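Consider the two complexes below, in which subunit A is the common component and subunit B and subunit C are the respective partners.
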Partner chain A sequence: MTKTGNNEIYSTEEKALCLSGKGVTKVFGSGDKKCIAVNNVNFKFHEGEFVSIVGESGSGKTTLSKILLGLLNPTDGEIFFKGEPRDISSIKKRKEYWKGTQAIFQDPFSSFNIFNKIDTVLLDCLKMRGVKRSDKQEQVRLMTEACNFVNLKFAELTNKYPFELSGGQMQRLMIARIFLLKPKILIADEPTSMIDACSRATILDMLLKLREEIGMTIIFITHDIGLAYYISDSVYIMEHGKIVESGLADEVILNPKAAYTKRLINDVPKIHEAWDLDTV
Partner chain B sequence: MTNTIKQIFHSPKFVVGFCIMAFILLSMIIYPLVNPGNPLEMIGLGSFQKPGTYVSLYDSIDSSSTIFKLPDAENNRISQKLKDEDRIAIMNWLIDYGVSESDINLSDTNSLLDLWWKNYDSSILVEGMTKAKRNYYMRLNKSLESAKRTEEYVVSHTDKELNELETVRTIENTDYVNIQDVANVKRLPLGTDNFGRDVLKELVSACGTSLRIGLIAGAIATLIGLTFGLLAGYVGGIVDDIIMFITNIFTVIPSFVLLLLISYSIGQDQRGASTIALVIGFTSWVWTARAVRAQVISLRKRDHVNLSKLSGHSLIRIIITDILPYIASYVVMAFILQISTAILAEAQLSMLGLGPKTTEVPTLGLMMNWSMLYAAHLNGSWWAYFPVLLTIALISFSLNLMNTGLDQVFNPTLRD
Partner chain C sequence: MTTPMLEVKGLSTKYVTRFKENVYAVDNVSLSLEEGQSLGIAGESGCGKSTLALSLMGYYFPPLHYMKGDIIVDGKNISGLAPDEVRRSILGNEIAYIPQSAMNALNPTQKIINFIEDVIHAHNPDMSKMEIYQLAAERFETLGLSADVLKMHSVELSGGMKQRTVIAVSTILSPKVLIADEPSSALDVTSQKMVIKMFRELMDKGFIKSMIFITHELPLLYNVTDRIMVMYAGRIVESGTAEEMVFDPVHPYSKGLMNSIIVPESGVRDNKLTAIPGTPPNLKKPPSGCRFAARCRLATDECRKSEPKVQHFGSNRNYRCRLTEAQLREEHSND
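Here is the complex of A and B:
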């Protein structure tokens, strides 16, 4: 894969802010069992930007992604949506927010309700988009279009259950869902970590195509700094709930300043080079 | 779904439990059709009549008889009169009289009686025998002699006009009546209870009532437990705190004590089978609520629930479509266990006299209560309580077996 992050021509100054946070903190438990999952984090994500949040397991990436999605409330700090403080206090406002902010989860096998057919998953998206229930033809057309986009055949999927598909197919179905919803922000929480390398390339390719088509912001959560370098415009490095380094992908990864970033880069195995396992 | 049902019916434990329950249910449906009538009708005057077939003596006199010369008839007649303790008494008399112990065979009625007829004489005074004992032997001898008699019985009725006895018929010891020719024959496979009621009929009816109590109580307990568990587990926060507070209160008060107090305070007149079912249901939901809550907490963080939220689904819809199907198998198992627990709770309550009022319906617990109050266990009337005990055990056993079978199907780590 060639590097797709477009740092040379990409400038964050030109783009409007879509999601930003100031002093975002999330604490679980209290007393002796207190755990600070996200610790005073500041970030600025711009429209159309491909941002990677990189860190090892337990660094707070997934918690941050859930806060961004509005599935968790931060203990402290504030999130801004399009420059304004984000208000998702009521069910109605939350629903509105989720029309523009969607997610792809890490484990395709647990992402779908195994009791619902694939059609139900896609029809839910159409309902959210406001497609009339009675307009069956339009529904089938849109679902077929979405499936074609992710190289799946709707005719073969209809009336099937998600567990009848492979992991790669399920994750592609997830992207078909995003294709139908066309959100402004997509939070992808390690979407490729549980699938094979070939499917990974396909899925990343689809995500990038989708970004071009819809112009959405992708917040990509990963532990793979190498992958982040190839696909991101900017990266945020997280360690123990804190952001230790952030900036344009080229700057941060080719010229790392924080020791943790250096370690992460060193941990990526390089073909034709000896791999220093001491730091792993 | 079809596959799951197939799997369930491949589990030997479930199948055994299911067969027992099906047998009980079928008996409940078929037996009242074969033997209709009020199960609480007192048909017998007297209590604890033995199981068996009762032939009307009155009708058999009018029935046409036939003659059979059966070789064992006389012996059988005597053996019927000779109880085990009489045999031992005869043996003791013979030994005291001087017959060698080796010559006496207790199980051989003929040789024992031969020795008795040959040696016994009421005038013989055996050394050291009390008068009471001597009288006992005299009575025994008389009873045996009457059994040995061969003269016919004369049945007669009084002619009121002439005021004299008119012979209706004579009955020889070789006369037999076909049971089918007798107009009134009552089969009581499990005898009668203390009030002279057919125990089998009562048992079948009681089974139905107890299962109904179990079903109502189980459904209420499961419904309350499920609702509380789902809300506490899924909504969390203050709702969870309030529900868990109530649940904890119910947990620390032993539910049986609560059940006793509520039953007692309702009063005998108000306590019907449905009331008891309600009371049991309202006091036994606690562990279902706790267990469902624990399951829901682990489910609510799953990605498919998050995805459902992101799809804009309402709380009710998420609970119904994304949580409930995942715990459905568990809920079914909890329901089955609740039924079993409720049937046992009813039995316990009724045994203590706090069950449904005693005049309307029989329940398994009430039958136990009656047999206990009238000391069936002391006078050897096993048929009044043992079949009831066995039925309670079988119902509970079959439900638990089905539950274990389901558990093994839904939770593969438990498979043998």
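Here is the complex of A and C:
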């Protein structure tokens, strides 16, 4: 049992498995140029769980997120979706998987098609969700509801292009997309690293609200262990493609066992404890 | 009394857009920076931090325009100097500037030593290549960077290494003031720590005499700087020591910013993050009265009508609000 950022008591004991992996490995290149980006990784993500994958640049966390999203195939190992082996061998099956698995990426500026207006972006989501094209009223109602959820005004956004918004607003628009699609799994790859601390608080708050509203599993990729501690139920720490420590956020971050986890915590500036700059 | 390394009095600058609209990005900013002191500037995106950094150098080129105010570097007023004169005599040896994403500015076809030669030759054309190499190698070794880096191209360096190299190149002439604009935002936590350690070494070893550090990461400012100024809509709304600003902010905007701090310390999960609602105002037409009024829960009609004056308390605390310190503290205690 653990307490999360929004003060709820969380337990994985009674939750069903949503996504899990056994011996997942991804190798790029061969021979001298062989690079093992993800090395024999095992994980279990439960329904409604907020889980963070933490590591430095080059630790393999983005490669793992691409495997989870189905954008990359693992070289070895298997991924299970709701207890069954995940099958995304054909385009049709992959599209079906993506209905339930969505992502928010690091750079909001390159997440949108710059030729599409914001209403087109949101209408595409409604199309994926199966809302009838003829039902204009329902379309506007749903888009307005999604924009309200992220504190944006739909009336002000119509006829605008995504690049006319600020970074924080764009990332909120991404969350509005997720709100419309209501996936079972959300993979958020460093969604707050390119926006300021104030907008970051808003985005984190909205992710927690999304989880509460839709009950989705959120996989949060970050290099900031402070963020992971604040927001997640459980954390996986990755170093050189391997999971070196995992468990409930409170246990891992307040009582770390692995030397790498200790170092990551030590590298983050703090306000109540001294920041040891000598150990770099 | 010693002369401050940098003194700014009532500086105002603006951008002029291609539609001839004025954007008042820095409005009546005053600050003072003593030798050995580091000053942090905090605030949201779009509040004028980076424009202030550019304005402080006294090097204006369109769309940025100087309006009024004085910039005094070690007793010398540079605000009236022509851009060419600023470039020749101020930039690099009096004031050095590290912009955001500086590491991406390195020309990939040039070796690192070539950048250093460019910087030194701009101010001291008689220095030989051998002398420059010796100076650079010694400086790099002192700062914990290998002298081999000098012979490398930027593409051979990692992100953190590139950023540290840019800092070493920018400070090679031992400037009196270093202005670093979000120097560690694009780096992971470990590289960020190495960059911060380097800034501290530069100060300790006297390679820079004072520093202005701009970031929205408050825990970082708290650990790096002596004083913090909070900026909103082109104006300084509060200033004080790093300790005072993080643990005892008075202005409602500073208070809101401090509520967004996330650190891996026990108890952090019990505090709910509170974001400041709304967005900063459009500086083409700054609102009359207090610029923060539209987002402030304490705002009254009076705040929207009349401009708040700067109030002072304690040894050197300043804030811009109509309410008294006691009234603000009482409101914060009710939160």
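Throughout what follows, the second predicted complex is superposed on the first by the 266 of 280 C-alpha atoms of A that agree within 3 Å, B and C clash if a C-alpha of one lies under 4 Å from a C-alpha of the other, contacts with A are read in each partner's own complex, and residues count from 1 in each chain.
In the analysis below, a contact is a pair of C-beta atoms (placed from the backbone, for glycine too) under 8 Å apart; a residue touches a chain by one contact, two chains touch by 3 or more.
Please read these numbers as outputs of a predicted model, since none were measured by experiment.
Chemist: With both complexes overlaid on chain A, does A:Leu71 touch subunit B (first), subunit C (second), both or neither?
Modeler: A:Leu71 sits against subunit B, while subunit C stays out of touch.
Chemist: Contacts for A:Ala16 in the overlay, against subunit B (first) and subunit C (second): which applies, first, second, both or neither?
Modeler: Once the two structures are laid over each other on A, A:Ala16 reaches no partner at all.
Chemist: Go through the superposed model and pick first if A:Ser111 touches only subunit B, second if only subunit C, both, or neither.
Modeler: After superposition on chain A, A:Ser111 lies in contact with subunit B alone.
Chemist: On subunit A, which partner touches more residues: subunit B or subunit C?
Modeler: Ranking subunit B and subunit C by residues of subunit A touched puts C first.
Chemist: Quick one: classify A:Met128 as touching subunit B (first), subunit C (second), both or neither.
Modeler: first
Chemist: Check subunit A for residues that touch subunit B in one structure and subunit C in the other, and list them.
Modeler: none
Chemist: Give the list of subunit C residues in touch with subunit A in this complex.
Modeler: The contact residues of subunit C facing subunit A are 44-46, 159, 188-194, 196-197, 200, 216-220, 222-223, 246-247, 256-257, 259-266, 268-270, 272-277, 279.
Chemist: Which residues of subunit B touch subunit A in the complex?
Modeler: 302-304, 306-314, 321-322, 325-326
Chemist: Give the list of subunit A residues in touch with subunit C in this complex.
Modeler: Residues of subunit A touching subunit C: 3-7, 56-57, 151, 166-168, 195-202, 204-205, 223-227, 229-230, 249-250, 253-254, 263-265, 267-273, 275, 277, 280.
Chemist: Quick check on the complex: what are the subunit A residues that touch subunit B?
Modeler: 66, 69, 71, 91, 95, 98-99, 101-103, 105-107, 110-116, 124-125, 128
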